[in-house]
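Common to both upcoming complexes is subunit A, partnered first by subunit B, then by subunit C.
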Partner chain A sequence: MVDFLSNYSIQKWLESCPQGYLEDTIYGHGADEREPEELLQNDDYREQQIRTTVQLIAGERCALAASSGLVNAAPDQASKTFLATQTLDEGRHVEIFTQRLFDLGVKPNDLESTIATYINPHLGKFAEVLLEKIDKKDFVAGVVGQNIVLEGMAFSVFEMLHAGAEAANPKFARTLSGTIADERRHVGFGENRIGDLIRRYPEKKPEVQRMQRDMTKHMLATFHEAFARNGGPAEARPSAPQKGKPAPTYQGLNMAEASNEEMEGALSATVLKEFKTRLGRIGLEYQSPV
Partner chain B sequence: MTEADNPHELGEAEFRATVHSFEFWFEAVEGYLHGRPYGVSPGLEEVDLTERQRDGLITTLCNYCVGETAALDASSGMIGFAPDRGAKIFLATQVVDEGRHLEVLLHRMKQLGVADPDAEIARRANRSLLKFKDRLLEFVDARDWEASVFAQNVILECLEFTVFRHHAGTADPVTAEMLRGIVSDERRHMGFGENDLGRRLLTAPHTHDRLYKIKRQLDSLVLDTFAETMGELGIEREERPDLAGDYLAAVARLGFRS
Partner chain C sequence: MTDPLELPKAGRRPRQTFELEETGFNEVPKRFRRFYRRWRGPGDKLGPNEALCPVCKVVIRSTKELRAGDRVYCMPCMSRLELVEEDGMLIAKVIY
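And now, the complex of A and B:
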């Protein structure tokens, strides 16, 4: 365990993240990158992007509360220091997505009201299930909920958004690629650290699996409502500027042509497959909410 | 120098948004951490320590670890009840700073031949500092923002700033460079405490009396910690630096007189 945790030290984090893939970025993107003019001038696009970004902020606020709350519950110094890096990663994500709202024209004074207007209520319930475990300082459930379920969901959502934005919005795509790199590290820690704890405390399994089931239920409801309201990523639509590149694809679907149901199905299937794989690696069985 | 280079030229809201950001943190730490793994330049050579010096240094580092663990647990816990986004993000940067301090101190202990740092810390921890840690975490558990910021970002940071700065002046080169990096972080943390509480005191002067009472409780633990630390380092009474005076002056500069 000590060797594995040494890969998650703050020194390694400093070298690979702020001094690595974030070097020369401002709020996660290149200094000269901007939101596309076409997006800023189209009220429909802009509102869709604001709605999407609000969900990212809500998810990252939950992750910040969860990772910081877990530091105090961590059973060893190495886990504490990893969670310290995760806390700052999540704080950075809150910051860069908040900045994106400002870039999309939201005034700082309107930030909280904009979030309240657009937040998906199911995402709020998803966060409540996790934060209840954090409040109880339940390290095992907290890390599974945060680093496997929440981060696993975020990872797949970011990848889908990245696929949609890559051609049409390089600024947003670059911002997402930095967060994807962070999430990959967080998921890796969760898998490696918790497998050992689940083996040591098998009596925790039913409670943790119940939490996973409840979080999954709210996640799927979040996806359903988001696709029903917003559809797929705005930049992937047929009318979006693709800068002469072919339409983006996600899980084999042409994102410009796929229906909302198809996109929702593709994202849900991707996340659930990831959950099953990752939960299996730590000795837990995926619990379907249906 | 432009406004972006000098945040003190910004308006209050913009100033806070700037200094309580990941971007500001990274620009600040990059200067003194880049190319210095575990806070120390790779070419810096060790000097020979006597067994007594080595043992005293290990005890001191153990106590620094107690202080940094207290700061890590407290700053991370405070994010959950911080009053605004800027404070949460600043605290997230502080969490990583405190985690880094703990990591470099543990790394230094291993360089000094300590096989099981956790066991050494448990054996050598200073009782007054442990009491201080408990008191600080009580404020955090009670989600008492003013008391937590005061105990952590004013009192604990002033204590660490004072001790580390003095120690960096007399320590071996490797320990000294590591401590100077930590002191640079502490300045930023103290600045946050001063700024946050300063604004609160302007609008709620009665808060001062409450914080003053907390200070009186904590001062005795801080002063006992100094006395024990210098005893552990084997410094003769007449040769001891006036850490208590320096600490009280540092806290007074933040507006909290004895």
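And now, the complex of A and C:
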């Protein structure tokens, strides 16, 4: 019996998500919210947003494949029920970020070619490491890779993007806040389920830690390339409309003034610190890829 | 002078009670929403009836003052937590 899931049900998921923070939203944002005109009329700014959104779609497609694959690998009904709701969460994330590409002017017929053009190759390798474990129906490694490493990374990336978009692009910020709320459940499931399983199957530790090391290597390479090409979130650029509000900050950095290296350093440090803390709590030792 | 920590349980200062107002938190079913609020970052100060969930960074609120040894539940991430005192601060630890 998985005790921490004893009160979880699809009914509770319905009351928390569709009838909670997603109530009255359309593709994750308010019905009257639009992408800012300044963004749509500036080709550089728009392309940067397309590139960022493509990475979100790629990450969410990986999460969808992983969570749906884990349903059949889960050893108990409570975990299968949770993962069924997570599968729908991830499917929704793929849809809302795809819709954002359309809102940014990408034609539906050009969707796959746009993704192929802009996807960060390191993100593809990151996904391959995880999906290999899912293919083998390795539940422990799959949950650590999906719900702790991937979701932990997404949690921090979404928070950074949210900080950058909050003043300049309320539509995107609202979309992100709904996904952050979903991630809370996903990381909670990961920690609580694996915290128990790792104590029961300590022999799994070395293999799971190796996977974490490999995923971390590809994640850091993804960040490096993303910041080298894109810089920080476009909404945080000095030219972005801030609607009279002070420049956004992330981890104490002024996002409108910080260099690409500083932003990459702040995001990487935040994610790695979270990894170490989360893995330590469940009895795993963080493995540095360096 | 009497050290209040040395007093038997029955002699301890009674716990403060708190009225919980709505905080705008909407990530759990309606009847539970007043028990949670969003964490506003490092400058945010926790009240004596509040604990920060280390897993999902949501603030858990109680109608009673919280003390070391109390157990609380974080519904947004489903974590069960126990409060422990470290360096004079109440810290929430996850119970697996």
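Following the convention adopted for this analysis, the second predicted complex is superposed on the first by the 285 of 290 C-alpha atoms of A that agree within 3 Å, B and C clash if a C-alpha of one lies under 4 Å from a C-alpha of the other, contacts with A are read in each partner's own complex, and residues count from 1 in each chain.
FYI, a residue touches a chain if its C-beta (ideal position, glycine included) is under 8 Å from a C-beta of that chain, and two chains touch if they have at least 3 such contacts.
Values in this document were obtained by computation on a predicted structure and should not be read as measured data.
Chemist: After aligning the two structures on subunit A, examine subunit B and subunit C and state clash or fit.
Modeler: Here subunit B and subunit C can both sit on subunit A without a clash.
Chemist: Applying the document's definition of touch, where does A:Tyr8 land relative to subunit B and subunit C: first, second, both, or neither?
Modeler: After superposition on chain A, A:Tyr8 lies in contact with subunit C alone.
Chemist: Between subunit B (first) and subunit C (second), which, if any, makes contact with A:Glu47: first, second, both or neither?
Modeler: Neither: A:Glu47 stays clear of subunit B and subunit C.
Chemist: Contact-wise, after the overlay, does A:Glu262 reach subunit B, subunit C, both or neither (first, second, both, neither)?
Modeler: Neither: A:Glu262 stays clear of subunit B and subunit C.
Chemist: Between subunit B (first) and subunit C (second), which does A:Asn192 come into contact with in this model arrangement: first, second, both, or neither?
Modeler: Touch partner of A:Asn192: subunit C, not subunit B.
Chemist: After superposing on chain A, what angle in degrees do the C-alpha centres of subunit B and subunit C form at the C-alpha centre of subunit A, to the nearest 10?
Modeler: It is 90 degrees after superposition, to the nearest 10.
Chemist: I'd like to know which partner A:Ser16 touches here: subunit B for first, subunit C for second, both or neither.
Modeler: second
Chemist: Check the superposed model and tell me the shortest C-alpha distance between subunit B and subunit C, rounded to whole Å.
Modeler: 11
Chemist: Return the residues of subunit A at which the contacts from subunit B and from subunit C coincide.
Modeler: In subunit A, residues 15, 19 are touched by subunit B and also by subunit C.
Chemist: Using the touch definition up top, name the residues of subunit C that touch subunit A in the complex.
Modeler: By the definition above, subunit C touches subunit A via 26-30, 54-58, 74, 76-80, 94, 96.
Chemist: For subunit A, which residues are in contact with subunit C within the complex?
Modeler: Answer in residue numbers: 3-5, 7-8, 12, 15-16, 19-21, 23, 181, 184-185, 187-189, 191-192, 195-196, 199, 277-278, 281-282.
Chemist: Could you list, by residue number, the parts of subunit A that touch subunit B in their complex?
Modeler: Of all residues in subunit A, those touching subunit B are 9-11, 13-15, 18-19, 22, 26-27, 64-65, 68-69, 71-72, 77, 80-81, 83-85, 87-88, 90-92, 94-95, 98, 108, 111.
Chemist: What residues of subunit B sit close enough to touch subunit A in their complex?
Modeler: Touch list, subunit B to subunit A: 13, 17, 21-23, 26, 30, 33-34, 37-38, 69, 72-73, 76-77, 79-80, 85, 88-89, 91-93, 95-96, 98-100, 102-103, 106, 117-118.
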